[in-house]
Amino acid sequence: MTNEQLKQEILRISNVNVTKCMKCGKCTASCPAYDEMEYHPHQFVSMVNNGDIQPLLNSESIYRCLSCFACMERCPRGVEPAKLVEAVRLMAVRKQGANRMKAEDVPCMLDENTPGQLLVSAFRKYSK
Amino acid sequence: MQRIGVFVCWCGSNIAGTVDVHAVAEALKNESGVVFSTDYQYMCSQAGQDIIKNAIAEHKLTGIVVCSCSPRMHEATFRKTAAAAGLNPYMVEIANIREQCSWVHKDMLSGTEKAVILGRAAIAKVHLNAPLTPGQSPVAKRALVIGGGIAGIQTALDIADAGFPVDIVETKPTIGGKMAQLDKTFPTLDCAACILTPKMVDAAQNELIKIYSYSEVSQVSGYVGNFDVTIKRRARYVKEDLCTGCGLCTEKCPQKKVPNEFNLGMDNRRAIYIPFAQAVPKIATIDPDYCTMLKTGKCGICSKVCTAGAIDYTAKDEYITEKYGAIVVATGYNPISMEKFDEFAYSQSKDVITSLEFERLTNAAGPTAGKLLRPSDGEHPHKIVFVQCVGSRCDSCAEKGKEYCSKICCMYTAKHAMLTRDKYPDTEVYVFYIDVRTPGKAFDEFYRRAVEEYGVHYVKGMVGKVVPQGKKLMVQASDLIDGKQLHIDADLVVLAAAIEPDKSARPLATMLTASMDTNDFFTEAHPKLRPVESPTAGVFLSGACQGPKDIPETVSQASAAAAKVIGLLCKDHLTGNPCVASANEMLCSGCSQCANVCPYGAITYSEKEFRMPNRTTLMRRVASVNPAVCQGCGACTVACPSGAMDLNGFKNNQIMAEVDAICRN
Amino acid sequence: MKVTYFPGCTLKNKARDLDEYARKSAEALGITLEEPETWQCCGGVFTTANDEVATKLSSVRLLKAAAEAGQPLVTVCSACHNVVKQTNYAMANDPTFADRVNRYMAEKTLYTGDTKVYHYLELLRDVVGFENLAKAVKKPLTGKKIGAYYGCLLLRPGKVMGMDDPENPRIIEDLIRALGGEVVTYARRNECCGGYVSAESPALAKKNSNLIAENAASAGAELLVTACPLCKYNLEKNGSSVPVVYFTELLAEALGLKEDAND
Amino acid sequence: MSELKQEYKPLIVAFCCNWCSYAGADLAGSNRLAYPADVKIIRVPCSCRVNPMFILRAFQRGADGVILCGCHPGDCHYTTGNYYTRRRMSMLFSMLDYLGIERERTRVEWVSAAEGAKFAATMNDFAKKVASLGPNKRLEDLRCKP
């Protein structure tokens, strides 16, 4: 896919209007996973707008987003960067054999208190 | 049947070059009602006008058509010519055969053909013209200024300077507005009080200016030149004519725990109070929400200590009615509530403050006597974070904040940062910005000085979260240039809150039938060319009620509004435009459709008695148009379902006749 | 009042307390919680992707079951609540999505987002009323300094959840007050604990959980209450200095139902 | 026959508001920006003065196209007149559409006093479109013909 096609695909999945962004950086200022991310919420907005999807697809950042929606809530422009992260991650894991998490990984993540909610959520986020 | 004269102008070769003017004059001679038709080199010249005048006399013309340049050019000229010859000026129609014919078409044949058609349309219209006389209305030579901030004061002073009486209505106990609360003013850093209070005193001492403080406008009727305004004078429980402003009562009042709104609640005042030392009028006011005497009937200390006998616990609201020729709205602005932006922890920590609160904290007359101290513990802050654009520039779908730029924040934040660094060089100052907007004389230079000379840290980025922890405010922010997330342990966080129109503006706009935009700012009659007039005739706009403005801009707009008011009050009578709407009462069903679309509130309804067969009568509700208020747009004529509403000069049958004439091949 | 009650997967095993005390308290407050005979997982997380239908179907079935019973739907777990409310919002406000879902399910009747979804907290606030709840309290939590921990899923996206001000929530605080406890507010109460990323990056979850616990402790909280099993897990796993309990447990305690449970 | 076709000149009525579009038309003239003589302008104080009846009348009398020009939204001399126009015309145009009148025969265009070039370009384009549609037969009332 060309950059433009990738961009359109992300915009279709996420239904985000990236042109609304005024580049204030409040999303990135709000992000609790900042330190673990290579690309930060405001960069997702700008890179999607520029069609630079490939680096995002290859980045660990898409698995570090907590989906806590802080960036969405605080964006003064209603841009919703979290939806872009989700869209890029889905584009990555929807590929055949690209599941991030496999059933055999589970036992080593468990301890006696691990709630089922964690596993269900993680599988939903990381696998298809 | 009209007797119509047609005058075709050559305009040198401007028209004659592409249009066969003789042929046009000849062709139009055959039109019904035309008794005279001629052409001439320059109709607008003295000789040309004489031809028209002579023809009117000689042929007893009742209407004339001039085929010439655009009516926007010479309609007024030819109307005067007609009037000079004793013909009603509104019996003149212009066929635009220059701008809209000879200049845009190349060949003589089609140009001439079109000129004839345009002439025919004008003739068809003149057939239906009726003489019109502009209405005249007297002008009450007194102005009302609503709002006593710097905008209202400046407008009032300028109007009074021209010799007209002005009344200022201010809801607070004193005039002065927001500017009285400010410390210094950008970009010259003169003290706000030093330049404002002399103006307040000027207003108080000017014999032509009457200040109704602690009052509000409660009713407006009438129209340009003739407004009847009812002003509610709220009971202040202190007789204005007796109080000397000595302030003894405000020291003796036992009710000490009233949040002081002048200091934005950062300290307390008494239940009887004078807002600040330089208040105008300097008269005490009793706050009925806190006064023990008014609430329980037990106390009365202020009355005992008042040597002037000015205290009156039995006072009631009073209403006065006054006639005004012009009204100026100067209701100003307020910072928005920070309630919905609690990611900045405004409700959680006293040390998160708004910029206006910062002004009070640095003001020598403020709660800390001008020392910059943390509201929570009175300690000197060593690290201050300023956050710009809080609630400004938000998208409408973000459901909080305002869509517009509040315009003044970049500059006052630069001022705050600079003054802090100047007075307390040991304090680190961060300013988080999205863009720094400094379009104004000496503004960008000012901002650069804050950065270059005073070492203020300007960070391109935003604050995402403020976490009060212990005595510190942990500020989590982005630095977009360095690509970092910053964590600053600040002592004070200052929010540049967006500004919004005062809440009183919306009901006032309804009373004045003045229009507002979606943000409740008053709309101007034209955004570029009539910026200080409301579309409602006789209502003028001054200051931030029209849009966010700094002091220099507010003062220039205030003076501009005053100039417009003076221009109006100078006239003894207002001559209206006779091309206004009028309702045919026989057809009107009183449905209110027309009033709903009228942008000027020119249409009113009344019950009228109509004669019916067999000597009976019938009461019916019918519309009537106030010709002094109607501006002649014609919106009502189309809205009217019964065809009762029509527009003089552009009547339905006139436009229809033009259509017919153009389509008659 | 009868409501359809959806406990969700975690409440059936690791978070039994959350469920058990919710049921007891409801009973004491005169609300009948009717658990559907069969139910599936809520979906775990609500994907914001426009084009995803299958992962949202189980929530739609649940919402539809409540609609058919003519009852509001009550959830307790923050995550379930988030998924169910977001799905319901999409069904009500996104006709294209609703149409795809309805076609996919191919049932006799269509579902268009009509079910009223309450979080148990909202039920307490809007149906029972905190004033009435205060009157029902038998053992007030007097003297206990309690901090509310909301996390992310309960409040955000604010427009969809419509539960409380996402930046300055007060519903749990009001509950604590109604139960007679002393409220401790602290700024990080709506910050994320680390969520499911703790599966991948325990360090991130540890950092976030610690920041939250520290902030609460420095504000003087002696106890944190939450509605989310994952929040509780992350905070406890990362050694929160402040103990964490479910809000239903606190509720049951104040209503005098807890000893009964222990008996 | 083909010669006759070339001879066909559409009849176009343009309603222009006094404050913006009529001034824009004047500016087109001052700048000598040509457009077909088929366009005949009627001056109205505001685009909101144009009663849908006027447009129907023009079609009835044999006009092939009717264009209505007003100030840009937000710039109306009377503040809100052009908003009324916009709503009324969308109603009228959908009714005309229903009656089988080609959508291209009617148009609303915002032309400011400074947009002489836009005025001329608009008229050229509109005249071309209308010419390509051929004479208006559907609404023309032959009884009105002399």
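Labels A, B, C and D are assigned to the chains in the order they are written; within every chain, residues are numbered from 1.
Just so we're on the same page, contacts are C-beta pairs under 8 Å (C-beta built on N, C-alpha and C of every residue); 3 or more make two chains touch, one makes a residue touch a chain.
A quick note: this is a predicted structure, and the numbers were derived from the prediction, not measured.
Chain pair with the larger contact count among B-C and A-B is A-B, by C-beta pairs in contact. The distance from the centre of subunit A to the centre of subunit B, with each centre set as the mean of the Cα atoms, comes to 48 Å.
Centre-to-centre, using mean CA coordinates, subunit A is 52 Å away from subunit D. Each chain gets one centre point, the mean of its Cα atoms, and the points for subunit C and subunit D are 61 Å apart. Residue positions of subunit D touching 2 or more other chains: none. Multi-chain contact residues of subunit B (touching two or more other chains) are listed as 343, 399, 465.
Shared interface positions of subunit A, i.e. residues touching 2 or more other chains, are given as 35, 70, 74. Contact between chains, per the stated criterion, is found for A-B, A-C, B-C, B-D.
Within the complex, the subunit B residues that touch subunit D are 70-73, 96, 98-101, 103-106, 110-111, 113-114, 117-118, 121, 515, 523, 525-527, 535, 579, 597, 599, 631-635, 637-639, 647, 650, 652, 655-656, 658-660, 662-665.
Remark: subunit B residues 343, 389, 393-399, 401, 434, 460-465, 476-480, 483, 485 touch subunit A in the complex.
Those residues of subunit C that touch subunit A in the complex are listed here as 8-10, 13-15, 41, 43-45, 47-52, 55, 77, 79, 151-153, 155-158, 166-167, 191-192, 194-201, 203-204, 207-208, 228-230, 232-233, 236-237.
Those residues of subunit B whose C-beta lies close enough to touch subunit C in the complex are 339-343, 345, 347-348, 399, 465-470. By the touch criterion given at the top, residues 11, 13, 18, 22-23, 25-30, 32-35, 37, 40-46, 48-54, 57-58, 61-63, 74-75, 77-81, 84, 88, 120, 146 of subunit D touch subunit B in their complex.
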